Structures are given as C-alpha cells and as structure tokens.
Amino acid sequence: MSFEPTIVSFLCNWCSYTGADLAGTSRIKYASNVRIIRVMCSGRIEPTFVIKAFTEGADGVLICGCHPGDCHYHEGNYKCLRRYHLLQKYIQQLGIEKDRLRLEWISASEGKQFAELIDDMTETVRGLGPSKVKEVMTTYT
Amino acid sequence: MAKEEKPKIKLAVYWGAACGGCCVSVLDVHEKLFDVVAAADLVFWPIALDIKYKDVEAMPDGHIDVTLFNGAVRNSENEHLAKLLRQKTKVLVAYGSCAHMGGIPGLANFTTKDELFKRIYDETESTVNPDKIRPQPEHEVPEGKLKLPEFYNDVRTLDQVVDVDYYLPGCPPQTERLVEVFMAIVSGAELPPKGSVVGALDKAQCDECKRKKSDNKLIKKFYRPWEIQDDGETCFLEQGVICMGPATRGGCGVRCIEGNAPCRGCYGPPPDVPDPGAKMMSAIATMIDADDEEEIAKIVAQIDDPAGTFYRFSLPGSMLRRKLT
Amino acid sequence: MEQKGLTGIYFCDDFNGKSDAIDTAELMAYAENNPDAAVTWSPSRLPITDPEAIAAKIKEFKLERMVIAGDMPGMVKPVFARAMAAAGNDPGDIILAGFREYGAVSGADTDRAKGVIACALKGVTFGMAAVPEETDVNQDTVIIGAGIAGIQAALEIADSGRKVYLIEKTGTIGGHMAMFDKTFPTLDCAACILTPKMVEIGQHPNIELMSYCEVSGVSGKPGNFKVKILKKARRVNLSTCIGCGNCAEKCPGRAPSEFDAGISTRRAIYIPFPQAVPNKYLIDADSCLYVKNGKCGVCVKNCPVENCINLDEKDETVEVTAGNIIVATGFQVFDAKKVERFGYGQHANVLTSLEFERVVNAAGPTAGEIYLRTLDKKGNYVFPKVGTAPESVALIHCVGSRDENYHKYCSRVCCMYSLKLAHLIKEKLPSAKVSEYYIDMRAFGKGYEEFYERIKSEGVNIIQGRTAKVEGNNGKLLLRSEDMIEDKLIEEEVDMVILAVGLEPRQDAAEIAKMLGISQTEEGWFREADSKFDPVNTFSGGITIAGVCQGPKDIPDTVAQGSAAAARALQSQIKGKIRGNIKDIPLQKIEARAKELSTLEEAKK
Amino acid sequence: MEEARIGIYVCWCGSNIAKMVDVEAVAEEMGKLPNVVVAKNYKYMCSDPGQDLIVSDIKEHKLNRVVVAACSPRMHEMTFRKALENAGINPYLFEMANIREHVSWVHTDRDKATKKSKSLITAAINRVLYHDPLDKRSVDIDPATLVLGGGIAGLAAALEIAGSGKQVYLIERSGALGGYAAEIDLLAPYMNSAAQVLDPLIEQVQNHKNIEIFLESKVTDISGYVGNFDAKIEKKGKEVEKKIGNIVVATGLKNFDPAVIDRYGYGKLPNVVTAMEFEKMLKIGKVETKTGKLPKNVAIIHCVGSRNPDYHEYCSRICCMNALKFANQARSILPEANIFDLYTDMRAFAKGCEELYTQTSRKDVLFLKFEKGDLPTVKKAAAGDDCDMVIDMHEALSGEDIEVPADMVILMTGTEAHDDAKDVAHLVGVSMCGNDFFIEKHPKLDPVATTTDGVYIVGNCVSPKDIPDSVSQAKAAAARILASISQGSVEVEVTTAEVNEDICCGCQTCIKVCPYTAIGYDEEKNVSIVNEALCKGCGTCGSACPTGAIRSKHFTDVQILSQIEGLMSLEV
Amino acid sequence: MSQRVDPNLMKELESYGVKKKDWNACFHCGNCTAVCPLTEQGSMFPRKGIRSMQMGLKDKLAAGVEPWLCYYCGDCSDTCPRDANPGEMMMALRRWLTSVYDWTGLSGKLYRSKPLHLAVVSFLFFAVLAVFFIFAKIPLLSDPANVQLNSFAPVHVIELADHIMLAVLSFFLLSNMLNMFIKVVIKDKSVKIPIHLYFKEVWLAIWNFFTQWSFRKCEGKLYWFAHLFLMLSYMAMFSLIVLFLGWFQTDTIHPITHPQRWIGYIITAGLIFGSLYFMIGRARKKDRKFKFSHHSDWIWLFLLFMIAITGILIHIFRINGMAHLTYYTYALHLAFEVPMVVTFVAFSKWSHLVYRPLAIFFANLKKSTLALQKNR
C-alpha cells in the first residue's frame, strides 16, 4: 500500500471554508487525506498551530485564506501571509521540507480550485514521504 | 530561639551541561550566603564541596530537601545524576535556562553528535588528529575498565529526563530571585503548584521595561543591534530591533535592556504558552509593515536565523526541539 | 401679493401635438385665470431666444417676478436671468414650475401641473404645499425582489426587529450579483461577500423569505397595503427538503440554467446554484416530464424523504398586509441578438458579458477556465469541460446602450465591468491578447479611475472606437473598428468577442408599476419622487424603489439605495405614521395650502 | 470545572453521508472515547425529531457538551445551538464535525471516508472539552445622533432620523446650512432649481423640534463606543457636551484650486473662471467678461485637477454633468456665442445624463477631446485678434493641433478632501485612503458603515458623488441608525477577544493589529483593553499577542491545539 | 501651425444641405467609419470628415477626397447610434467640395439657392426654345414618311453649338479639376508623388471610372447597377452627341438591326431606368440614402428624365412621320438638355462624374506613394 499522507488544513470561515463547502455541494471529488480545521480568519492562524500539527504527525500543513483584499476582516490574511513567510524560514531551518507547508488563497467560489489544491498537495507530500517530525521529537538519542 | 528549633534543610546544587554561571549565581548571594547556610545544609555541590557521587548514592531516597539542578542533560553522566538526584530529592528545581528550556547548549540540537565530533575532533584549525580518533565511552586498561560519560545526540531539558517540581529560569537566574525562592521554601510558606515557574513574574519583560512604548509596532526593516544607533529610550521593536521582551517572563529586572541590549529571552515564555518562540515569531511577523508578498519576503529575509533568534535559550524545550536529520 | 409686485408666467414648452401629453392650452388658460399671474406668455407670443426683448417686456409689464413653467423650465432659466437682470430685477425672483420634476408627465397629471403653477405663482414650492395627510402604519414591510438591493433593505429593517416579507420571483435570492465572479474595482469575489448576507437572510427570524413567489395584486392604502402573493408551485416541500440532490441526479428533464445565463443546462428539478438560499430544490414545470406528459416521477422515487416531492402541487395565493412596500426588482440585460451585426447567436464565441461572467466564474460550468465554446452533437453551443483557451478576446462596450436605435441611456456599469473582465482574462490567460472598444470610458466611482489605469498597465489594448461589426472568418471572428486616437482602421481577428450588454427594465416592469400605481420614465425605469433629494421615494406614499429598477447603478450605489429605502420605511414605522399619496391631494387643497404658506412667509418678513 | 459529559450524534443525512461513511461504526467507536456518555446515529439530525433526540438526551443523561457530525456548520450550527439552548445548556458548548461537505460528498473510498470522519469527530470531541459557555451580549444605544456637516448629505441624514422622532445634533462649521448645494443654481441633468428644493429642506431642519443645530461649531473630542459616545462640541468658544449613540460623518469636500495648474492661467488671465465663479454669474444673470462684454466664445475645460497623477488621480465624478449644465445655460443666456467643451471622456452615466449630453450637443456646443495627460493651454490672444484668449490643444478625435478662441474659460475644477479630513478621521476613528477620503467598511456591501461601529460616513467625504448618490448614502446611514436605536440596544459579537490582565505586559503589539480599533491601552494598568462592542472576533490579535494574554473566545489556543491532537490521534 | 476652430463653417455647410440635427448629434464613436465597406487604412470616412466639419477645418476639408469615395449606401446612417446621418453629411460635403473646386463661384450659388438654380434652368430652357423659335425653319411641306429633322436642326449647326458648349464647359470643368488637383495633391506637402505613378495609376482610375468597381463593395447590387447604367448611358449619349452627331442624327431611318438604333435604345433605357430608379427612391424616402433630397438632386433627375422621355418621343414621332411633333419635341429635348449640361456638368451634381474618379485616382496615388515610401 502506498503511503497515505495526512494533511492538516486551516481554513478561514468566510472564503476558504465556504469554498471547501462548495466543493462538497458541487460533489467535486478530491483526496481524502486532508483534515480541515475552521478558524474565523486566517489571521487567527499562528505558528504554534502549524508546529503542533507537525509534531502530532501531520505530513503536511495547508493554510487557506481569502484572496488578498478580500478578507472579511479587511487584512487578517495579510497578517497570515507575513507569519507564513517567517514560519517557512523557521521550519526549513529545522529540516522540514518547505513543500510540507503551504499557504493558498481560496475564495468562496473556488470549490474546484480547492479540490485541485488538495489533490496537488497530497501528491506533493506523498512524494516527500512520511514526515519524521513526530518520530524525531519523541525519540531521544 | 525559634530559629534554632527549626531543622536545617538539606540543599544540593548540581551542574549539568552548563557554563557554570548558574553556580556562580548561587555564590553571588554574597553575604546572604550566611543566611542560606544558617538555614540549609549543603549536602552536595560539586563545584564547592568534595562530596562523591557515591556519597549521594548512599543517601536514602528523599534525603535531600531541595536540589538546584542547573544545566541541560547532555551526556550519560548528566542523565545519571538527574535520575539519582530526583530519587534522593524532595523538591527538584530546574535551575537556570539550561535546565529549564535547554539554554545555550541546547543550540547544539541544530546539529548532530556526529557533526559536532567531526568538527571538534577533525576540523578545528588547531586539531591534529590524522587517525580520526574519537573518545571511547569505555576503554580497557590494565587497571580495569575506564569509563567516560556517553555523549548524546540530543541536548535535553531536565524535565525531558526526570520529573521536575519547579523551574527557576534565567541565564543565570537573578540571585535575588533565588534567595526569595529559597527563603520561601525555608520559611515553610505554602508552595506553588508543582510544575510552576518560580522566581520570575507572570508578566513579560515589557511590564518592567522603562523604554517608551507605543502602539507603533510596524517594522519595515529589521536591524541587528549593531546596525542601528539605539536612542536608548524607545522600545527596541519600534526601532526595528528584535527584542524578545514581550514574549519573555519578567523578573530579571530587565537587565539587558537596562544595559541597552535587547532581551534575548533567557527567562523563557510567559505562562500558558505552549511553544516559547512561536508566539514571538507570530508577533514579530505580524508587525511587518507590508502587504505585498515580495516585500514581505524581503523583510523576512532580514532575519538571518529565526530559529536561533527566537529559540536561543529554548530550543530543546520547544515543540520542534531539534533539527531533523 | 401687491407688495411683492407683479408676477409673469412664461410657458416654455408646448406639449400640444404629443399624444397623452399635458394640455398646454388648458394650463395656460388656468394661469391666465389665476389672479396671481399678471401676464401669461409662451414662445409663440414672445420668442425665447432674445433676452433683450424679454427684458423690454418685463419692464413694460412692470413685472418683478417671473414664473417659468414647462417640462424642464430650468433649460431656459438663464435667459430669463439675463433678462431679469437687464430689466433691473433680481434674477433670484425667478421661480421654476417644472412639471416633470413633480411627476406631472401626462395628461392624467394635469391637475398636479396646475398645482405646480399655483404654488409657483404664490412663490412657494410644490413640495411644501402638497403634503399628504398622515395615517397609521402597519409595522410589516413587503420587499419585492431579493437581489442585493432587496437583501440589503430586508436586513436593515429586520435588524430593527420588524417583520419583512421578502418576495423573490426565482428559486433563490441573490439576483444578478450572485452570478458575478468578481466585483470591480476591488476585485473581491462576489460570492465571498454576498453569500454570508444570503445566509443571514435565510436565518433571520424577522424575515419571511418567499422565494419562487410573485406579487399578483396590491390594494389598500399607504400604511396599510394588502399584498396578494402568488406562491408558484415549487413541488418540493421547503421544510422537509434536505438539499441532498438525489432527486436531480436521475431527472431526465433538461433546461438551460438561468443562473449560468443559459450557457449550461440544469435538470427540471434543480437547485439554482450550490449556494442558493433557500438551499432547497424546486421543479420547473416547463421542463418537467411529469408535468408535461403526466408520467415520470423519477425524482419522487429517488427522494429519501417521504412526501417531500409533490408533483401535483398547485400554485396558491396568499395575502399579507404591510405598511410599506419596497420595490427592488432589478433589471434584465439587453438582448444582444437585436444588434445583428455583432453576430450574437450566429457565432459560437460571441458572448454576452453576463454569459462570460459565468464562464470566468470558478463555480461556473467551466470552473473558471476560459475556453472557446463549441458545438455539441446536437448542434447546440456548449462549453467543453476541457477545451481550448482563446488566444485573443475583444470586448465591445455600449451594446444596446447610448444608441438611439436601442437604448439612449448609458448603462453606467458596462465600462467598469468590461475592464474587470479584461483583467480576469489577463489574469487567467496572461498571454492572451485582450482589446476593449469603447466610446467614452466612464470610470467615475471611488477607485475606478485608478482601476482603469491599472488595467491599461496590464497590457489590455484599450481602443476608443465603437466596433461596427463582427463577422465570422474561418472559425475566427473578424471585427472592424476605427481607432480614433491612433487614427487607424482596426480589423482585428479574435477568438472570442464579449458584448458589454447594457441594462434594461425588466419585461414586467410596466405591470408592476401599474399594480403599485407608480410611474415609469420613458425608458421604463421606475420614477422617483425627486431625482435629487428623494431618490428612493415615489409619488405613492409607502412605496419606495431601490436599486437598478430605478435606473442603472453599480453595487455600492444599489446597496446604498437599498438601505435608503429601508430608512424611509423605518422612519414611518418608528414614528407610527406615514404620508399618503401626493397624487391623491385635490388641487383645491394645494391651492389653499400654497396661499396659507405664502401668507405665513409674508408675516415672517 | 465539572466533569465533561459529551453526547455524540452522527447524521446519515439520508444516504448522503451514510452511503460513503459507516455512520453506525463511527458512532459506536466514538462512544468508547473518554467523557463520551452518549453516541448515536440518526437519519436526519437537523429534522425536528433529530433535534428532539439531542434535547431529551441532554436532559436524561445530563449532557453538558454536544458534538454533531453532519453537514457544514455554515448550514446548521445555528440550528443545533438553538436545540442546546432549548435543552437548557449554553449553546456554545457545542461543536460540529463536517462529514458531508468535507467527507461524504467529496471522497470515493468508504473506508477512508469513515476513518476521516472518525478523526474529525475525535477532534471535535477534543475541542468541545475546552469550550466555555458564552453569553450573548448587547449594549444600549443612546437614541441621539450626531451629524457632522450641514451639507446636503448631512441635512438628509438629519431629517431622516429626526423624522422618526429621534434627537439629532447637527454640527456645521460655517454659518449656514446647505453646503455646496446652496451655491448652485440649477442641477443637472433635469435643470431643476437647487434652491427651490434645498430651501424647504433647510427650513424643515431649522424648524424641526428634534434637530439641534450648531452653526460655526466644531466637535473637539469624541470618546466611547457604539451606542455610547460622548462628544464635545465647541460653539463660538463655548463647549457643550452631548451623549450620542451614533455618528454620521458628512463633512463633504472642497473644490480644487486651479491656480496650481499654470497652463490654465487661473488668477493671471482675468476671464478664466472656476465652475463656482461661473455658477455665481449665472445666478445673477450676468455672464460677462471682466470688461463687461458678452463673451462671444465660451470654453469649458473638464478634469481640472482630476484624472491626473500630478493633482488627483481619481475622477471627480460630478464635473462632466456640471459642464454640460453650464454649456446649456451658456447657450440659453448667450444665444449667439460659440460654446466649446474641452473634455477627456464624457462621463454622463447617471439617470438622464446621457440624454442631457445629447441635448447639449444639439445646441451647437462643440465638444473637443483632449487626451488624459495632454492638457490644453490657455493663453492671451495676440493683439488684434477678435477674441480675448486662445486655447492650444491637441484634439484627439481629429488628431489636429488646434487653437480654440475664447473670451471666457470655465475650469471644471475637481473635488478633493478637506484639509482637515485627517483631524476628522482621527476624531471619529475612521481610516483614510491615499486621497484623504474616508474608507468605508466594505466598498461594495457596506458603503456607509466604517470599521468603527456606530460611525457612518456619507456623501462626498467618502468619495466624490452627485446629490442623489449622496442623499442615498445619507439615508442608508439613517436606516442603519434607525434600526439600531429602535431596537434600543445592539447585539455585539459573542466570540470576541479578551485580555488576561494578569499576563498582559503592555507591549501594545495588538493595538494596530486590530482593524476595528477595538483594542485600547490602559496606561495606568499598563495593559491592553478590548472593547468588546467593537471587536468582531477575527482572532488576529490573539495570534499576534506575544505573551498569550489575549484569548480569542471560542477559538482559544487550547481549543485549537487539542482539536489538532484529536485530528491526529487516529493516525499511525 | 495649429488651425483655429471655426464653428461658422457649419453655417456655410448647412446651406449646402447639412442638417443641424445631424452634424451636432455626432459624438464620435467611430461606428460609421468602421461600418463603411469602402474605408480602408489611410482613407477613413465619414467620421473624420464630420469632425473637420464640426471644427471648421476648411482647408483640411477642401484638401480631402474622402467624400468622393463614398457612394452612399446608407449603412453608416442606419447604424449610427446618435442618428447623425453621416451618409447625408458626406453627400452635402460633396456639394460643398464641388463649389470649392469651382473658382467661378457659380456652383455655390446654384447649390445654395433653389430659386436661382430653377431660374437659370428656366432661362436656358426658354432661351433654347426661343432660339428655335427665331432661327429654326420648319420645312413647310413635310412628308410624313420623311421627317427632315436635319433640315429643321441642321446637324452641323447643332454640332457646332455642341462643340462650343463642350469647349466652354470643358474649360470650366478642366480648370475646376486643376483646382481640385492643386488643393488635393499639390498643397498636400506630406506626400510627394513620383511622376511615374500617375501613369501607373491612371489605368486603374479609368477601369474604376467605367466599372465603378469599388462601389460593388457596398451593399445593394441594384443600386450599383442603376448608378453604373445611368452613368454609362449618359457617357455614351454624350459621346454620340458631341462626337458622332452626324452619324446619330440622320434623316434616314435605319433598320432596327442598325447599331444607331439599338445603341440609342440602350442609352435611353439606361437613362430612363436610372433616373426613374432614383426618382422613385427619392419620392418614397424609404431607403436611408434617399431620405433627404437636395433641390439639385430633383432638378437634375427631372431634367435627365425629360431628356430621355423627349428623346423617345422624337424617335416615335419620327418613325411615325409626325414631323411637327418631332420638331417641337426636338426643341424641347434640347431645351432640357442644355440647362442640364450647363448647370450640372461643371457646376453641380453631374460634375461628380469627373471628381469622383479623380478623387479615387488621387487617393490611389497617395496610397501607392506611401506604400513606396514604406518599402524603401
């Protein structure tokens, strides 16, 4: 059996979660590897959550927010974008491949794009193989 | 005298993977040492007293009232002593940043034992080791088996090895804080719940910091401290210098900042923060004054070493406690 | 009146000869018999082109005040201003008696026109004199049309704790805005900002959403209307339908999807679009095989809920009472087939802008990919699931607008939405050649001009010159334009042409106007009471109009009007009183009130 | 905290979920988790019997937390919360797992879908453990409203609100009401008399028992929050304090000063006049040159100060129609004159305006187009020429360089924000865009509200607009205010942020992070304070807080972290 | 140097039939130019012409040939969004241009004054009749079988008169053409036409003249046919009368197979068909291009029609030996012919017969020159 990655995904309520719902109501099929967590705004997503997901064994983490300029709260997604860039740099320093963490903008009408994104990310992460984070962090040598 | 009636408590101090500064900080109590000695018997302190490990092993379990364990756990000796002292001690205190979060030695978790050895035993400019000889944990000599402590791949915090009762943070902890804590224990006051951080405040550094602060925390460019003429008055962050103050417990008396150096975070995170550096990373990133992706990337690039910056004293104690290999 | 000096009245328009117009002769006779008018003139007696001659006449009759009466008397006011000044009078003493301004546009309004004259001669404004009586007001509101204007108005009123009946003709609320991909100039996605509002409507305890319903009759008076509502047979039980969609999966009936502007097909039992509110299915009788032939019933078999689908359901009529009615019926787009030379309907890839909105919409039939339309086996135009992207696209402005042959008015939104579409094409197909052909670039709103500049800088070829024709040419489309700025003739071959169709009043606008007793402009838009200071009120008390049904406008302006209409209703509801119909006030009453006001005015001085 | 007793309900949604997810197995397995007291599956959880099931279980099993695994919470979260409320427990002790839109409808492998459902539900259980009961809150609204600006928008807003019997304080800095509309004679496109409509309006306002007018006054300070503002009004040196619930900002615009554009010769050539100056000439019926002659050639130049990056990049929206009005009026008052209209794009977009454009051109008005950025130049005519000035321009529609004779040049000056717009913005707490216009809460769907609740911006202080659009906006703001004051109170967001003052160190990182200015700083305590009346609950501040002192209610760190743990607990 | 805008030109143009409601309606959308099948890169009309009219760019207008390139199909007017009637404006511009080329100023007077034109026509009409009345001798003993037309109007006399008229009118026409050449080509400093191109292009011009090939691009083949047939018939008639009158006007009645007979019939048919087609069109006013008629249009069509009718009558009377009627009709025939030729050929509508091919010739010359320059 091929490796099935687990991807934890943080979605903002107004655009991305709605977009994921639209994929559902439109019955667009995509990989079942994603686990969605809803937050009100991508501005709520902080590095701790992402790190937590990795240490709990996630093979990939996906953050989705409204497109720039579309934020329901005006600018939360920009805050998210800033954190994402710093976080990327940090996780790479610790040897986590950059493709394991992704930030994408998904609008409420982009159900199909969401599905494609999940498929794409699942394949990318599958290609990277299982994440060693949980194992390394819990085993002392 | 009532004081005399009270039995002296038994105190131990141990030095793990650390610089020794913590032990010095204990000595820094100066004349207060007399008060300490008046109240406590030092039963184990390798730096000051000649008491053998065997002596400790010989103590009954729970014999020692308080152990101040400083330094991280780096090798088998540290681990052995941590476990031994735990067994013999009623209240085990992780003393100083290294025992608390891993401290500066913890930065070794960015690399591996093999890489370290390679550098130390092969590559440093002063090294001549053509045979690439490595320290051997065990060596047979006519006198018998010689043992060296085994060097571990990971640097660990004390609580990653044994159960810890209290944490007293700082690099080193402020001596006044130590005295306060010690006196509290001696006086028999009700102790805080197990696992608490003692000798530090719940509030972060900014609470004590006297620099002028405003809400104007928008950063267009990050400066290393030497890149900027500090005005000595304004909040470091507002000048673009990364200061760990807001994400670091107070209690040290904002000594670094008073000395016009930004806080590096040795006192560890405030309560309820699951990961010490992540919060500060989040805060710092939020302050970046740009919405354009490219510009953001450019500003972020000015932070050369985020992990080293935000986890300088706390890498082993953080969620991503070491580099993947 | 003596101390005020003599007043002359000038009739600058002569409506005689136009059918259904006000009888100018009758009005002039009325003025001549009015003791306040010292002299009555018209162009036949005194030409309007010579200010000096008018000045001489003013002097001759020792006039101190002039009333200019007519359809739009302001047009000639300056000539009188000059004449008055030349005659040594104060040009401020010119009073306009504009019939159109007060809604007197046809022979039926002659009495109102007389009222306007009477007030002007007294030196008071019609609006002050013609104040209808106030009556008690029912706290409920009926809103007709649940596009963004209706939604906005409904939420405003419902949020104040009052009941709203929101009546929507189609199966879902959202109107045209729900069909759009992005909105100019901020480019935020329409669904992202609209669907939360729609959900709010669906869940609001004070809003009774009546989708798939039509107003069939209105009676009663301001403050207490009785509104008859036709509940069209939905054939699916709104309260038990769980929106699972099993019914539609096997449904054999097909019809063009209204929501996709006809570029895709839907089943006979359908949900207008995935985010529809209410998110429940309905059966379109025209395409349902059971309704047509009496047999099928596949949907009933597949429905997991018992008795949810009732194929034999009949229309029914209910009646509600309301104190206020807000009309927000919106618009329809111009039928591009009327402009034959653009080849719409003849060439697969000549699309209307509304169709293209659906193409470029991520939730549309192509999932937001821009493909060329092809022919399917049955010879219908279809968008393939996977197809070829156009290499060049041309957008043609002012289709059906600013044209004496179709609609004279400007549709206000086409310039901007065309720029937006150009941007979306460039975004999705960066290498595509995109041209826009326009007459005047009307980028007037906040951030619009900046948006225009941005689109220009994105490499869209923006050409001033209306395209004259589009012809098929070996599968491509050849269009011909004059680039007036570059002074050259453009014969461009493109893969796709998008026609920026204008907005026009809905087909049933006249019917609604008649039912509600409100008037329409020549073009068919609903007429507001005062074009400037009361853009949402009508001459009928308790009835307000909002959004595009009053005239073309963009989303923010529509939203503002939706709220403004709500304000009118709220004001009366909070006060508990509402003004009646202006049109019902008898002339004598207006005359008397004008006299009273002018006496008061005198007394004040 | 009392021991958690959780009820789990897995919905079939007919076959929608059940077809792809083994709901029975899921319910059974979930029932084994700690703290779970009841675990059931049912055909339609959202149906009345489904909800009744939850209610009776809560009562019977003393449940204090509920998880429903069904469709998207966007669909039915409200439904189930209501059910909890009916059963007598706090509606926020509830969590939904979306196993329809995010599982059964999008996946094809039943085993995987079932497994994913389990982890989503486990996550929900983990999360709900840390849910706190939250209460709906509202703040009282003071029924009085402050209207800043006595122009047409301010008047309209004041009348609309006062008309319902509510108190309005109308502040006007000048000595008279009416603003720019009072200086205008006729209004495009229907050429009705401004005064004839405005005067009665002003009279109504002046005589309205519910409107208190402050002329030659200004507001010096505003504090408080929605429903409860305190305003300090300075009237001729005296200060008055008023309590108000809402604020309408209708401070309007000012006209662009064309003297800065050298090429138009304003201030140097006597017969170059601004639109407002020409308006005055029309009003008194004397359209004459400075030497008292009737001009034979009248030229109107559009876009003066607008659509030009050197001055203002934006379009001033109203000048085109004003220019057409002038052309008409000039034709009427000067039947013999040549009238030239120098424009860039004719923006006749509003109702009746294209028609006015047609009508105007029918009156022998010659329209000449110059291109954006290629402006005409006005200069004195040579001695002996039969006109006073000539305008050099490149006429874009003919491609010719031409000169236009003129005896009078009317500059259609654009509009711009008041110099003190910044002060006003600061006073009421609204933001400004680059052009010093105020920023609306949402440019599309909320064009009159601002990010500060209770503060509305209308008319030309938001962006240039004509009278009907200004009036619509004023009334829109009035609607919002009327709705809230007729309720007496306004509900505020439940899931707001809150500051733990024992932790907050006063670093003030959070303050600028908030788009709603909901966070303030208490200097005495050295802590940040969240004004929950303003907070919308986005949670961005919680993430930005470096000390963890800010908690985003219902989206706390611990809730999300344990949700993550739950999500991953079934993974190997 | 920039030109001064002059709105007064419009007043002048209005007297040539431009309607105020047309010229000031145009808001420059460019539709007319783009819809016109005859416009091409470098020769764009009607919009630019209208612009020059509105702005009063007299010199530019006078130097332009575009109005002549238009055959007035009416597409532009039909599709004009402001109902500005660009086609009609082109028509009026052609009238104005005719008067611009005409240095005598007569043309302008005829165009601008219907009474004057009618007066001139009437004067010439009666003058011709008077000449016949005074000088013509009606053969007393007329033989019904042998109508002696050549005795009544001796061929050589008529021919002489023809030649005199030809010389005089040719002088005017040629000088006007030269005037046009100067205005269009010489004064246009932007294009320097190499001499050899004149020879090259002239053939195309002649081809165009006889076929009106470019006209075929316009819609309405019947319109093209009527126009061409009328023109060719007229040209044939013209050459017969001026060059071969001796052959054409014989007292011998040739058999029907004789070319003189059938050529005459074809010509007459062309004239009748053409003038009727246009007259009916103008009377019905249904077609866009016939909606508005200038007095010159009507006078010209009427004269042409009468010439053809009287021509037929002469023939009928002559064959039937009705001598008197033949003579009177002949006089009438000339009385219609002379004013037509005198007022229209050099000074009014009919001069477009030369101006249009010349304009096409000039336009092509410029085009070829530009092409040459570009290639270089």
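Observations
Going in written order, the chains are labelled A, B, C, D and E, and every chain counts its residues from 1.
The rule is short, and it goes like this: a residue touches a chain if its C-beta (ideal position, glycine included) is under 8 Å from a C-beta of that chain, and two chains touch if they have at least 3 such contacts.
Owing to the predicted nature of the structure, the values given are computational and were not obtained by experimental measurement.
Hopping across touching chains, the smallest step count from chain B to chain E is 2.
Following the contact convention of this document, C is the list of chains adjacent to both chain D and chain E.
With respect to chain D, maximal separation of chain centres occurs for E (centres as means of Cα atoms). Compared on C-beta pairs in contact, A-C and C-D come out with C-D as the pair having more.
Of all chains displayed, D has the C-alpha centre closest to the centre of the whole protein C-alpha set. Among the remaining chains, B is positioned farthest from chain C, on the basis of C-alpha centroids. Distance between chain centres (mean CA atoms), chain C to chain E: 52 Å. Chain A and chain D have CA centres that are 32 Å apart. For the pair chain A and chain E, the distance between C-alpha centroids works out to 80 Å. Shared contact sites, meaning residues of chain B that touch two or more other chains, fall at 274, 279, 282, 284, 286.
Residue positions 74, 346, 358, 397, 513, 540, 543-544, 557, 561 of chain D each touch two or more of the other chains. Touching two or more other chains at once are residues 186, 188, 193, 279, 402, 464, 484, 487 of chain C. Every pair of chains meeting the contact definition is listed here: A-B, A-C, A-D, B-D, C-D, C-E, D-E. In the complex of the two chains, the chain B residues touching chain A come out as 110, 152-154, 156, 160, 274-275, 277-279, 281-282, 284-286, 288, 290-291, 293, 296-297, 300-301, 303, 305-308, 310, 319-325. Here chain D touches chain E in the complex through residues 338, 340, 346, 357-358, 361-369, 390, 392, 395, 397-398, 400-405, going by the rule given at the top.
Per the touch definition, chain B reaches chain D in the complex via residues 202-207, 213-218, 235, 237, 245-247, 250, 269-274, 279-280, 282-284, 286-287. Within the complex formed with chain D, the chain E residues making contact are 2-5, 7, 10, 20-21, 24-28, 48, 51-52, 54-55, 57, 60, 82. Contacts from chain A toward chain B in the complex involve residues 46-48, 51-52, 54-55, 68, 75, 78-79, 81-83, 85-87, 89-91, 93-96, 132-133, 136-137, 140-141.
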